[in-house]
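One structure, as structure tokens, below. Some questions next.
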Amino acid sequence: MNAANYLYVSALLFTIGAVGVVVRRNAIVVFMCVELMLNAANLAFVTFARINGSIDGQIMAFFTMVVAACEVVVGLAIIVTIYRSRRSASVDDASLLKR
Amino acid sequence: MNISLTLLMALPLLGAAVLAALPKTNAVLAKQIALGSTILVALATISMAIGFERDNINLQYVESYPWIPSFGINYAVGLDGISLVLILMTTLLAPIVVLAGWNESQNGRWSTKTFYILILVLEMMAIGVFAATDVFLFYVFFEAMLVPVYFLIGGYGTGERSAAAVKFLLYSLFGGLLMLASIIGLYVLSGAQGGHTFDTQALSQLQMSSTTQNLLFLGFFIAFAIKAPLWPFHTWLPDAADSATPGTSVLLLGVLDKVGTFGMIRYCLTLFPEATKTFTPIIITLSVISIIYGAFLAIGQKDIKRLIAFTSISHFGFITMGIFAMTSQGHSGATLYMFNHGFSTAALFLVAGWMISRRGSSTISDFGGLQRVTPVMAWAFFFAGMSSLALPGLSSFVSEFLVLVGTFTRYPVAAVVATFGIVLAALYILIPVQRALHGPTTAGNENLSDLTLRERVAIAPVVVIILFLGFYPSPLLKVINPAATHVISQMGFSDPAPTQLGGK
Amino acid sequence: MQINNGLVYLIALPLAGAIILLLAGRLADKWGHIFATLMSASSFAVGLLQLSQMLARPAEERAVEQKLFEWISVGSFQVDAGLLLDQLSICFVLLITGVGTLIHIYSISYMSHDKDRRRFFAYLNLFIAAMLLLVLGNSFLNLYVGWEGVGLASYLLIGFWNQKPAYATASKKAFIMNRVGDMGLSFAIMIAFASLGTVSFSGVKEAVPQASTASLTAIGIMLLVAAVGKSAQFPLQAWLGDAMAGPTPVSALIHAATMVTAGVYLITRSNFIFDAAPTAQLLVVIVGAITLLFGAIIGTAKDDIKKALAASTMSQIGYMILGAGLGPVGYAFAIMHLITHGFFKAGMFLGAGSVMHGMDDEVNMRKYGNLRKFMPITFVTFGLGYLAILGVPPFAGFYSKDMIIETAFNAGGIKGILLGSAALLGAGLTAFYMTRVMILTFTGTPRWDEKADPHESPILMWLPMVILAIGSVTSGFLLSRGDALVHWLEPLFAEHGEHEELLKPIVVTSLALLMVAIGVAIAFLKYSRSEVSRTAPEDVSILTKIVRRDLLQDDFNEALFMRPGQALTSTLVKTDEIVIDGAVRGIGSAALSSAGALRASQTGFVRSYAALILIGAVALVAAIWVVTK
Amino acid sequence: MTFTAPVLNYTILSPMLIVLAGALIGVIIEAFVSKAFRPLVQLILTIGTLLLALVQVFRIRESESVTAAMGSVIFDGPGFLLQAAILIISIISVFLIADNENFTALAAAIPGSPEEHESIQQGNKVTEVFPLTLFAVAGMMLFPVSSDLITLFVALEMLSLPLYLMAGLSRRRRLLSQEAALKYFLLGAFSSAFFLFGAAYLYGYSGDITFSGIRDSVVGGSGNDIFLLIGIAFVSIGLLFKVGAVPFHAWSPDVYQGAPTAVTAFMAAATKVAAFGAMLRIYYTVFANAQWSWTPLLSGIAIITMLFGSFVAIAQRDVKRMLAYSSIAHAGFLLAGVIALNKAGLAASIFYLFAYGVATVGAFAVVTLVRDSAGEVTDLNRWTGLGKRSPWVASVFAFFLLAFAGIPLTSGFIGKFSIFSAAYESGAKGVVIAGVLSSAVAAFFYIRVIVLMFFTDSHEDATTVVIPSVLTRITVIFSFVITVALGVYPSPLIDFINKFATFIR
């Protein structure tokens, strides 16, 4: 199978994630879309590792996962706090700061 | 190295420092210290002027220390005839302004001492801007000067003072930033041709394409044209003069605006001779427009301070025309004009200021018949007006005539049109003279008091200088001539030989 | 040329007087008038001394010079503050200081009730100094200083009672119209420097032979413009009538005897230019001829005694300008007429002042009448002046005016006939309006206001009148005896060849006297035989109305200059505010509103921010694709 | 197969390790020291740590070996300068953070809830902010010295994550603060994803994750250009987001306004140094030879950023938002230094970063002082007449504004001059002209604030200026002195920077 196809999949996933961030309102879902984008990048890393025959890309993927996990911790903390304050997880409700 | 110039600049700063250490409450002491410092500076300048070698065309009192060596920036100062004359004007005007505007600071937002600190800082920067021989140093003073003036207008002025201050600052900053772009251009060019430098002499040797030269020239010129101010960049001036205190106006129109015309000589002409030649027709046209336009607007004003501001626009038109006429008469005349304009505007503004503060109004029609009520004040105003319309026998005549004659030999049409300005000058002076001084004494003016001794002492030196230089301008001309001729010959110009009309 | 270091005192004395009186303020109120008179008299004495020295020298060496100091020196533009006293200027010096001193004396009494008398004398001294500088300066630029100096003094003196708005306006008008003329002088100096390289009289004179006619014509025309402004000639004549707002001694000194004749001096002084510029010279005679008629016509309808005399002055200076424009042969006659006119016109003005003194400052002649009984000295002196101005032999005017008429006829061709006829017609008109003045003032029945208390003036006033009257009688005869003045001035002017005579002198004289007789007769018929009404009749022809409105000179100036000027001014003021400042403010508000619009892009919704990033990303990729394509 | 121990070269890493160690100790302190002592202990620890790290940075500045951790970190001249700048700015920011008026008592409590009141009454303090700061500082220090994609990404997250949290800790107006944290977090994560995706393509292009490897590929031009371009574009997005360049700027006004002012100061100043530091390294070394592809784009972004920031700032009514837009405009100016791509540009950028960072902290420090009974007042309309009531504070603030505007005799002018001249020298005249024009626009709103403070009479609901704490005072005075000194006599610093400003590739 052509390695390029994996790249297309990765690009597709990235796009889905990016569009998801823009169109979804629930903060958790938005955040999951970001995770999807990160994983799309991971897929690209792994694919390139395969293409280039080096292991660096795979290492990068592991790092990404760890970092993503950290991000989840911080992100959920923020989202939960704001949910508790506002009783809403919609990102559109948090729009006091503008102009 | 002779450090006279640095010491001269340090003097007002020292005065400002002493003032800063004073308690706020002692306003009189603050005034006295300010007066003392400015007088000291004036005396120091006079002694330097006496030591100045008139026939030496090289810069004198030269100092140069590295300031930011990695950019090739030096703290470099020096004097030629032109800058000496302008510094002399600045330092002579400063004590007069302090003495004349003794109570100007009392309606301010801040204390008296702040007012005088700002004045002294401004004086120091004015000396610096005229003395700088490093373009970067010049620019630093050029821009930094705006700050004290801004606070002087906005903090101690009247009426729409903050709006006027902002307008002044924005106009000037805009011009300054254009100049900054040009300075950066020069800097980069000099880097490509033998090392970064800001030395005026070295920069004048740069090779550049005519397009580059034209663009860089415009950056400088627009900045100076705003400052001078030349039509159509003038609209900040009436507002600023309207709002500022008379003393501030004197410093603004008399000193600060001269930086514009001085800059044209020192930077536009010397650094960009070719571009100067390209743009001269346009600039001469703008000058002539300024002369006539400023005069007409002055005639149309109802407020005395705005009127004086517009007369200055007309006068700056003469100065610019003289500079770009590229004849020794035009050039010397323009420099002399700068000096004379300083004093004649000072006289006008100071006396107008006294009239306004007594009457509580600056509308010309509120006055009337002052000659019978306050004869000395009326005489002072009349004298100032005569000086402004360049009556022969007063100093401004010499300079105005030199500019006209110098321009005529190269640009007769411009000179002829500009000469119509002298008729308009008669109108814009005599109309307010008639309304304010003549006629029956109008209601509200009956009990105005005449000039006090302090005010008489303040205006006396101005009157003496105007009269003296009207009959005997040689001391100044002898200082100016070598420098002016030097600039012109560097540009590759010489005075046109007498030519007959229509051949023989 | 000889050096004489005494010339400066001529100017310095009255100048010192002016400065001291102005600076001393009220302290000098008690003695100021005497001091000023002494200063003027001392200057006259210095003038006499100079004359005596001058007479002692041979004709070619009479001119003396004094260099005071280097005035303006830039490049090739070198002007020294220098004085020149030659045969021409000594005439003026004596006239100015002599008549000036008399008028000082007169004013002591005339102004004795004015609390600002000291200031008046300071101005008078200032005027004397400036006028002396005008005639003594050795270059056009020095002359210019005096030229504007007398303008200033005239402004100050016309507006001496400037608490009256009309008087203040009159002084302003005079100054501004003079400035128009001064502009001409500026142009002349500029052209002279640009084409001849010098502005001194001697320098220009030397350069004339090498100069092109175009240059000289241009200089000449511009000098004429200057002369027209200062001497109230057509078309810059309108200020002179209004200038009568000043105290009467001022009118006598400045607006009759001396300042207004400065134009004649200028043209005579620049004879070497006009001689070489026929076109300019032609313009000079045209201006002179028009003005002499113009002034005379205006004079016929004036009821204000001073304005009638002013119109007469205008007309008489027209004669002088005409004479000066007739070339070498005419200069001396112009000067002669100038001197005789100085005597008789000053005398008449002082007479008018004396009348006003007695008539509670009334100037309307329709409210005079039969004053000869009450003011005999005034009547006699005024009458002698009257005879002089008419040109009745052997009074002064006869000698000088007759010569000018004669020379005009001799100018040759149509030009000569036209000019001569104009001059003749002017003589007739002069006779008419002057007779009218005499009749209305001194004869007939009294038509006085109640407050009037006609009486003869005190000695300080009538003495100068008497002296001037003596001058009016004798000066013409003395100056023309053996062509004294002509020979005196000869070294200054070019040789003039013999002209063919169109008319024999005796014919011209007879014609002139005939015209005078006709003028006098008409005036008698019109005013002496019927009762004069106290108000000017309204049912008069349109022509009379026009003449009463000074031939519409003010309407013309208003329509052509003042109103358009005012409209232009207010338009420009609005333009400045709306267009230029408006553009700047427009940029400011446009920046603000665009900032407001951009600010709205910050919606506060995090999703729109993300969308912005996404769009940015797409745009960036697209741009990279475009750039690297 | 033998195990080769990696050569870590601890000397090079020591400053960062010191900071990390300090952070960890801080976490332990949170657990073991009693509430009453925690603020003081944490403060001393944090400042001590940062000072120690600063000393260490200076000590190793001329060490012979420059790479550490097997080439993942490269400590060259610019690395040294940037780390030193970050540490100095952090120290003065920590002084502001130490003012506990700024932070909530209990971050987890619902705003307005009884728990919150209780917590306030107990005098609780969120001392966690100190270790968070140290973590962020460590990340910032690592960011500009990273030398491969992994380290770069980890450093990016390391500096970002603590900041997300810190943004939400405000004591007053907590809803706004939390909103700011949420926005910052979501958008930050979003941009990180772009960054990572771009990193993947750079790796795909060169087959290497080290900067030197990627650079070699760019120089050799062997790889697939499309991968390179996608990589450059997406990595740039991540970096441009951090510096707040248009159109990736939208977070910054909201976050600047919502976050506690002390955090805003830290974020605005230190993050900018770190992010531009990394950007300079990447563009000057890795992408240098592909400049044909990115210079035009970056120039465009620089121009838009300058003009947008300056224009929108005109219309702002809130001082923190105004400073945010001003910082956007300054990001545009700094991009000119990146575009310059010459030694002068690098030196100028570093100078500018330091000068701007210090002035920014100083300006925000003044903002923390202007309060009413309900805490800080950032509404500009209520700043009217400040110059009358507190001339010194207002004057200092005005001075910082003049520095931002680039008036001579302030550090801002020297910075602007040097960065524009470098850009001009490289031929980017359009950027210089746009920079000059937007400076003129920018002057408009700086002056507006000065007018408000000095020339407008105050309203009734006037604000007061609290007497600054010693620490805040130190920050303000330090920033002021540096801003003056760098304006009047910048030569020593410029020479110092010139000595070090060369990237080792």
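By letter and in written order, the chains are A, B, C and D; residue numbering begins at 1 in each of them.
Quick note on the criterion: contacts are C-beta pairs under 8 Å (C-beta built on N, C-alpha and C of every residue); 3 or more make two chains touch, one makes a residue touch a chain.
These numbers were taken from a predicted model, which means no experiment stands behind them.
Ranked by how close its mean Cα position lies to the mean of all protein Cα atoms, the top chain is B. More C-beta pairs touch across one of A-C and A-D than the other; that pair is A-D. One simple way to say how far apart two chains are is to compare their mean CA positions; for chain A and chain C this gives 96 Å. The mean-CA centres of chain A and chain D are about 25 angstrom from one another, to the nearest whole unit. The mean-CA centres of chain A and chain B are about 65 angstrom from one another, to the nearest whole unit. In terms of their C-alpha centroids, the spacing between chain C and chain D amounts to 79 Å. Residue positions of chain D touching 2 or more other chains: 182-183, 186, 190, 194, 253-254, 444.
The set of chain C residues that touch two or more partner chains comprises 599, 602, 604, 606, 610, 617.
Under the contact definition stated at the top, the residues of chain A that touch 2 or more other chains are 18, 21, 30, 91, 94-99. Two chains count as a pair here when they touch; such pairs are A-C, A-D, B-C, B-D, C-D.
Interface residues of chain A, counted against chain C in their complex, comprise 18-19, 21-23, 25, 30, 91-92, 94-99. Chain contact summary for the complex, chain D toward chain A: residues 107-108, 110-111, 149-150, 153-154, 157, 161, 164-165, 168, 174-176, 178-183, 185-186, 189-190, 192-194, 196-197, 199-201, 203-204, 207-209, 253-254, 257-258, 321. Of all residues in chain A, only 7, 10, 14, 17-18, 21, 27, 30-31, 34, 37-38, 40-42, 44-45, 47-49, 51-54, 56-57, 59-60, 63-64, 67, 70-71, 74-75, 77-79, 81-82, 84-86, 91, 94-99 touch chain D in the complex they form.
Residues of chain C that touch chain A in their complex: 599-600, 602-607, 610-611, 614, 617. Chain D meets chain B in the complex at residues 387-388, 391, 402, 405, 407-409, 413-414, 416-418, 420-421, 424-425, 432-433, 436-437, 439-440, 443-444, 447-448, 451, 454-456, 489-491, 494-495, 498.
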